[in-house]
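Below: one structure, written as structure tokens.
Just so it is clear, A, B, C and D label the chains in written order, and each chain counts residues from 1 on its own.
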Amino acid sequence: MPALPGMTKILLANIDKPDQASITKYRERGGYKALEKALAMEQTALIDEVKASGLRGRGGAGFPTGMKWSFVPRNTNKPTYLLCNADESEPGTFKDRILMERDPHILIEGMAIACYALNCHLSYIYIRGEYEFVANTQQKALDEAYEAKILGPSVMGKDFALDIFVHLGQGAYICGEETSLIESLEGNRGYPRIKPPFPATHGFLASPTVVNNVETLAALPWIVQNGAAAYAAIGTEKSKGTKLFSVSGHVAKPGVYEVDLGYPLLDFINNEAGGVANGRKLKAVIPGGSSVPVMTAAECEGVLLDYESLLKAGSMLGSGGMIVLDETTSMPETLSVIADFYAHESCGQCTPCREGTGWAAKILKNIIAGEGKPSDVDLLLKIADMMEGKTICPLADADVMPIRSFVTKFRSEFEALCKS
Amino acid sequence: MPKFTLNGQEIEAKAGQTIIQAAEDHGVEIPHYCYHPDLPIDGNCRMCLVDVEKMPKLTPACTTLVNEGMVVRSENERVKQAVRGVLEFLLINHPVDCPVCDQAGECRLQDYYMVYGLHTSEISLGMKVRKRKVIDLGPMVVLDQERCVLCSRCIRFFDHVTETGEMQFFGRGDHVAIGTFQDRPLDNPYSGNVVDICPVGALTSRDFRFKCRVWFLHATDSICGGCSTGCAVRIDHRDGAIFRMIPRRNPEVNRSWLCDEGRLSFHELNKTERISRPLMKGRDGVQAPVTWEEAVRSIDARLKEIRAANGAGSILGFASPSATNEGLFLFKRYVGDQLGATQFDFRVDSEDKNVLEEEDQILRHFDKHPNSIGAIKLGLMSKELGGIDGAIEAARAGQIKAGVVIYFPPLVRRPCDEEVEGRVFELIDVLEYSVVLAAHKSEWQTAASVVLPVTPWSEEEGTYTNFEGRVQFAGKAIDAGGDALAVWEAFAMLLHASGAESPWMSAEDVFATLTEHVPAYREVTLDKTRLPGVIVG
Amino acid sequence: MIQFTEEAKRRYQTILSHYPEKRAALLPVLTLAQREFGWISQEVAEYIGGLMCYPPSDVLSVATFYTMLHKKPAGKYHIDICKNVSCWLMGVNPCVDEIKRQLGVERRDVTADGKFSWDTTECLGSCGTAPAMQIGDRYYENLTPKSVAEIIENLRNE
Amino acid sequence: MPAGFPRGREERSFAEKAGRDARAPRDTMKKPAKVINVRERAEGESSFAKDIFAPLAGMRLTMNRMVDNLTGKVNATIRYPEERRAYSDRFRGAHILTAREDGSPRCVACYMCATACPADCIYIEPAEHPDPLIEKYPARFDIDMLRCVFCGFCVDACPEEAIIMSRETEICAYTREETMWDIKRLMSRPELPEFGLGYRPNENLVDSTVKFTPKHKEKRKLAGRVTLKEDVEMIPHVTFDPTKD
């Protein structure tokens, strides 16, 4: 990836340097310094540091990481677990893959820091099954780390034991949801759990558990190294730090970019991502992975890439999986593809999602096949209402948002199909 | 004891109760499929969504604990809307085949549709997800995957109650279906329960299948006569025939469960022919039908003769641990108090020993008689005899000349029953004069001097005392055919014939007298013997 | 009666050692089983159940939840081609047709020589290099019908 | 007292008892009634000519009728049973059990008719059908035609259009046994062409599967003769195809 001026490089600093994946090169470039520093600090101080940095969960929900950690009960007789959520399945998202593929040690270092802060001695990286080759790279890195005594009975010679294992998923989008990930890790069907109780107290094997996204953990070394203030200085006053955006669809230069939060959306598309491909006009943008509301080109005007600004514009930052749609795209077909995805990935545990996602997908198929009734457009919205906020996990809502936004913002296209 | 407001009314809940439980206790029914009082909570059906103040989303009443000062609404428009939505979702892929579904009439989908739904289906037939129908899961259960609402009650039952885990979800998304591995039959002594707990027609009973539409059935609350556990059951019958037996919830005995043996035990009643009229041996030694009056008069006279000849000690009273307390009480009254007999027993097998022995950890006991403890408490077990064998010995030795014998074979048959009946026959055979009270014609009665037709379980009302000494009332479901009388009626007649006063008009009267005269039962009233029953010392 | 090879048994033991509770190892063990036996047949489910002391229904239930565990026989090379948004935008459908044409079987079916089977899948996480497909543990990205044909041809000749 | 329930007598006002509007002003009641003297009016209207011709006018009608009848222009009576009156299309006569295309009864033994029947004249014995999509069928389906009151509730209750009614009225037999109609009797109806279909709420569904075709042109159209194709004894229907998935 090209490093562009005016943008802090925290996660992708060394991403393109030759064999960054090897521990020697990683150390040469200042790796594992942060861990050393962290191990010297007080655990609580470390948590406060992370709190102060204003780092927020990069998986999609954007929950402040420091706060999440502080929920974990201290000195219980139960062990604490840190689970790294590398089950990156959100359509349009492929940022974690780059990190683990090219710079696996940054994740290990981040995890080691987090584990130390949370006083956790056993940790798992839940990598989606499709990323087997990524998992292999990560595993290699882990083995190196064990050899270098960075992991194992005593981390970097300090009296702190830590084991990290790679756990491969086997193809289930829902396992990206933290409670579902825990269930899956326990060897069950990946059915999300009802909260409360929250994982922070009753997670993996009913013990206190923290689930963090790869990108979140990977940001830790820099924060520890350069201090919370430096990190907090980046970005806007509510959304601090940098964020990885993985751009795909109709853009000239798709790929993963790191930008300071608060960077203008359109500039990002037009400059960094090289603008819409083949000189076509921009029609719409799905800014944060398929499960956030779509934004029309007009709506994108003046929107900044941060949690608040996007929320204000009626969408979400999500996982930063940006999908760009040009003028030639048929919105009903796009929505149908998305709806199919959710119908396929609904776990089938609770009723509204199980039945609703499938029904919506079938209706959309009908519409595209030209067999839709004019009433179907409203039926889609009705189904969206029936699903929203009634389910155990957010997957149904993740289906509702595209359906509602697509149908309301591009209604004419749907109706045109239904008439014929 | 947290207080909270439900639909505007202040309600006090027990500590640790969820909203749905508290509401249930106060007569507010919140619609639900997956919630069951005796199963772990799952919260997957989303029917029980309620509106709780200060909560942005609707929350499921089955998973939310009651907090002090909570304000809950289960009937406002927002909730109704949500429930209607969930119901519509449940119905889009349902094969609405109520005409052929045995659940029709007691189906939660039907009930809630009439209350909340009443919508016209908007899904086109082609879109429906089709699944497998009429899957045979062993002797008790038939599975229809299409009708299933995937509430996982059956799965949780096998995971947490029997802990055998036969049933599971298979697949994902809207193709999830329940089933057993390779459609293996449910070889599990409690598999019948999943039929009861299934809120829809997905799991239906193999035994009851197509026998009768449920709305034709009349229900009678009773106690299972299958063993000494005394599970609360409901007998569903029509036109004098029992069609099925299902458990009533009694948290202190059987929770919501019933074993398959007990569930099917009522079939035993119609397997063999009934005795329709009293039979008496004439001079020719052949049993010939007589009227009750004749029978009763001659019995009383004959027994008094024998008493005069060889003393009261020569009369044996042999009771059945399957008879009601009322029957046994009047039996004792006549044979004991009236004739002065001292020799009593009821043990055809080792009931007194295995009455407490559990066959498994869930419900079943080895003693297959519902009232052994009752018999013991009424003092029908004498040390010196020590069971039927002792009685036979005594009869052989000539100490015992006459005997009044009640015997009901257990409703749950065991291999040893043949041999037991052999012993009963032997006893009757060796007795000089024997009066037998029985319901079914059988080999062992042939030697009896007099055979009186009495009603078995489910055809007379009365109380049974289970293994832990819990007295429970069992209602009368159907009328006995022929001249058969309840055991207590028979002895009331005998008492009357022998000049004692017998004022009883009903089992209730008899029970009242019983409570006066038997110290153990002093505190008990008939109302107390209804759910959950009362334990006597 | 199917059985793990000695090597697989050793692997199985190491997997168990990674987890504080046996149950947690079920998914990795199923993955191992798929590598061993090609797909999760009912027989396999029963074997794993016996091995780990869980009811076979339980094992099969878990297996049927995860799409990457095959519930019917798969070819030596199982092609998973992504049909999600980005790949669809970048024109995956012609590639899918090409695969169908090349292999001449419907999705989830195995070719006569038992070498190939294919299926469409959800996002593979290579939206930036869409369209993409996965064969074994390898990704093939920036697909065109032409490149698809070549890839399959090469695999055929292996 | 529930809303809309009529009030008791004692609560009614005098005016209401008198059938008048209680709220009407008094003077409308005081208005003097107009007296008509019928005799005066008759005398005024009568005349000699009228007295002569009125009977003749009457006779004319009688004559016309006589002529019509003699010439057979109208015939008040018909030659029953060769001829029959046209019964209404919704006439409730003897029942018909409709059939599937394979000729098996369309009935699924759901007991709806038996439940609805006020005369309790329907006896059903269900059995397990080999086809899981039909699942249940009547091994026995008897209607006691002597008990039946032809109310048509069974037809209304039927969710499968399995039982409909014909216009047949002549249910006569020599023994009671013959009046117990079983499945066979209810399904195959040679006399159906004579009478035609009766009450069937879902007419278009039923009729779409039946052909009414006159057997042959008759010279004189007999009153209300409905003819079915001779071979149409049972009404077929198409079962839903589950394999469409």
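Keep in mind that, in the parts below, contacts are C-beta pairs under 8 Å (C-beta built on N, C-alpha and C of every residue); 3 or more make two chains touch, one makes a residue touch a chain.
Just so we're clear, the structure is a prediction, and the values are computed from it rather than from any experiment.
**Q** If I average the Cα coordinates per chain and compare with the overall Cα mean, which chain comes out closest?
**A** Per-chain C-alpha centroids ranked by distance to the global centroid put B first.
**Q** Pick out whichever of the two, B-C or A-C, is joined by more C-beta pairs in contact.
**A** A-C
**Q** Please compute the C-alpha centroid of chain A, do the same for chain C, then give the distance between them in whole Å.
**A** 24
**Q** Which whole number of Å gives the spacing of the CA centres of chain B and chain C?
**A** Averaging C-alpha atoms per chain gives centres 52 Å apart.
**Q** Report the inter-centroid distance (CA atoms only) between chain A and chain D in whole Å.
**A** Inter-chain centre distance comes to 71 Å.
**Q** Using mean CA coordinates as chain centres, what's the gap between chain C and chain D in Å?
**A** 67
**Q** Residues touching two or more other chains, restricted to chain C: which are they?
**A** Residues 61, 65, 67 of chain C each touch two or more of the other chains.
**Q** If a residue has to touch 2 or more other chains to count, which residues of chain B qualify?
**A** 129, 169, 171-172 - these are the residues of chain B that touch more than one other chain.
**Q** Could you list each pair of chains that touch, in label order?
**A** The set of touching chain pairs is A-B, A-C, B-C, B-D.
**Q** With touch defined as at the start, can you tell me which chain B residues reach chain C in the complex?
**A** Going through chain B, the ones touching chain C are 164-172, 179-182.
**Q** Residues of chain A touching chain B in their complex?
**A** Within the complex, chain A touches chain B at residues 172, 189, 194, 343-352, 354-359, 362-363, 366, 375, 379, 385-387, 389-392.
**Q** Could you pull out which chain C residues touch chain A in their complex?
**A** 18, 20-21, 23-28, 30-31, 61-62, 65-69, 80, 83-86, 88-90, 121-130, 134, 137-139
**Q** What residues of chain C sit close enough to touch chain B in their complex?
**A** By the definition above, chain C touches chain B via 42, 45-46, 54-58, 60-61, 64-65, 67.
**Q** Which chain A residues qualify as touching chain C in the complex?
**A** These residues of chain A touch chain C: 79, 88-94, 97, 122, 128-133, 136, 165, 167-173, 184-190, 205, 246-250, 254-256, 286, 290, 321, 323, 325, 329, 333-334, 337-338, 340-341, 344-345, 347.
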